[in-house]
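As written, the chains take the letters A, B and C, and residue 1 is the first residue of each chain.
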Amino acid sequence: MQSWSALVLPALELVAIAAFALSGVIEATRKRLDAFGVCVVGFLTAFGGGTLRDVLLDRRPFFWVEHQYVLVGVLLLCIVAISIMRRRHLQQTERMIQWPDAVGLGLFCATGVHLAWTLGMPWLVAVMMGVITASFGGVLRDLICNEIPALFKDHRPYALCAVAGGLAYALVQASPLPDWMAIGACVIVTTGLRLLTLWRDWRLPQWQGE
Amino acid sequence: MQSWSALVLPALELVAIAAFALSGVIEATRKRLDAFGVCVVGFLTAFGGGTLRDVLLDRRPFFWVEHQYVLVGVLLLCIVAISIMRRRHLQQTERMIQWPDAVGLGLFCATGVHLAWTLGMPWLVAVMMGVITASFGGVLRDLICNEIPALFKDHRPYALCAVAGGLAYALVQASPLPDWMAIGACVIVTTGLRLLTLWRDWRLPQWQGE
Amino acid sequence: MQSWSALVLPALELVAIAAFALSGVIEATRKRLDAFGVCVVGFLTAFGGGTLRDVLLDRRPFFWVEHQYVLVGVLLLCIVAISIMRRRHLQQTERMIQWPDAVGLGLFCATGVHLAWTLGMPWLVAVMMGVITASFGGVLRDLICNEIPALFKDHRPYALCAVAGGLAYALVQASPLPDWMAIGACVIVTTGLRLLTLWRDWRLPQWQGE
């Protein structure tokens, strides 16, 4: 189990970071930001969630300080995307990254919840930290691009999948089962729910208060 | 005095937090955010100011980490508000929360100033921390809702009442009077000025530079 | 060398802070913020970059906590600007502060890179901290004023000059040359490039992906 996760998990995480960064690049390109702006938004979307979590938990060093090569990788990815991506590729790319994005949602949420739990945070705060890690990058992306964050407005369950995954984590942790099963439950519930949501095109109920 | 404040103050504080959260729910509802977005904005409006103050002062744990039940309470309040509030109730609720909001302005400002003062901050920084604690939640609310913060634009004295209260605190602290009188002066000046402002409908001078 | 820099550098830094604050006042005035809002935006533009850098590096006290007189100075500057500046002065002032702003870009970038380098940050992170110190105040200004940050959209090299300066710093530090030469190289490259950019009216390539 250990050796499997030591190989596969980091690889999945890199794929997820790339998917997050690309979603930033796509949004920034739509808004006609310049090359520097596109790179910043790509970087913020990829690392913003984890960075806010670490600031709130007063934890250092940040992921991207410890693993500078990932920082270089995201910058290269942004530069390559700017160079080769044309306007007609945007929607296509957006569809392509839905799967790795769902995987990232699960992995990032699990990282956040587990970290906060290990630091002794109460369960609700731990779940919040998971949700923040998984989704705050996208919020930052939309704030910079001068939009109300899609996370709060598009009536599609995204953060709610992470909430469910975080609760699954807390439930398993409350049982005598080992840590890695809680982490696994969080990833499976979050990513599974997100994929189900995409497949069935579920929506949150519209606000109908008149 | 001690026993009085130990009973009444926390109760007032809970009322103020509820008023702040409701002002977030109202704004988010106006902007037609979805249920998740409304809860996040409600939470940010209630806790954003104190959280930023604690990040700036490098102070942990946050209020909502230490008192998880308040977090649960605010979430329940948001969910109830989403369920029962109709569009026609918004303006009505907005008028109803003006009083508890003014009380919150005073209490939060006093908490912020007193905390920074206790940590040895210079007087101007302490006043700033009071103002941030009392008003930054509303700024975050407006930023998320993609508006220029009303605090900076509506030409009504809101933060300025907190500035006056903070200065009153610093003045009393400079005298040999005890701590609790400084805190009381801050709350009375801030909340009193705010209520006076609402009653007389005072405005800041319009910008007329041609 | 020491005595020269001990006299001239702080003076230049104060001029740069004033230029940054004024650029905030101008933008806030354009957006018709009220007097309180103009002061907040002026303050955020002047100190936002250094404050974010210190939060990320977990460094206290902030510059404006340690040097409260600068805080008072910026507040006075904002109040004076609000009182005497008329709409027709805005563009004129904007042109006037281009030079001190370029000096500020170089000085702030050098401060940020050097600080991060001294704390043992990897080179890319140090460069990022320089860029954040020099340019994030303007990003905050635009976010508050509900605009996509000009830094990311106006296709003019501003942050890129700071990137070049940061790289110059890292290159000199990698050599056996002393610290102050690295700092000097950073300031000269950043400010020089920025002035060259303004003089030749250079632009980044437009996004032309169809």
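One rule holds for everything that comes next: contacts are C-beta pairs under 8 Å (C-beta built on N, C-alpha and C of every residue); 3 or more make two chains touch, one makes a residue touch a chain.
Note that the structure is a prediction, hence the values are computed from the model and not measured.
**Q** Specify the contact topology among the chains shown, as one of line, ring, star, complete or other.
**A** Here the contact pattern is complete, since every chain touches every other one.
**Q** List the interface residue numbers of subunit B and of subunit C, divide the shared ones by all numbers used, and answer same when the ratio is over half, different when under half.
**A** Subunit B vs subunit C: different; shared/all numbers falls short of half.
**Q** How far is the middle of subunit B from the middle of subunit C, if each middle is the mean of its Cα atoms, in Å?
**A** Centres of subunit B and subunit C (C-alpha means) sit 31 Å apart.
**Q** Among the residues of subunit B, pick out those that touch two or more other chains and give their numbers.
**A** In subunit B, 55, 58, 143, 146 touch at least two other chains.
**Q** So in the complex, the part of subunit C that touches subunit A is made up of which residues?
**A** Where subunit C meets subunit A, its residues are 55-56, 58, 121-122, 124-125, 143, 146-149, 151-155, 159-160, 204-205, 207, 209-210.
**Q** In their shared complex, at which residues does subunit C touch subunit B?
**A** Residues in contact with subunit B: 28-29, 31-38, 40-41, 51, 55, 58, 60, 62, 64-65, 68, 71-72, 85-88, 143-146.
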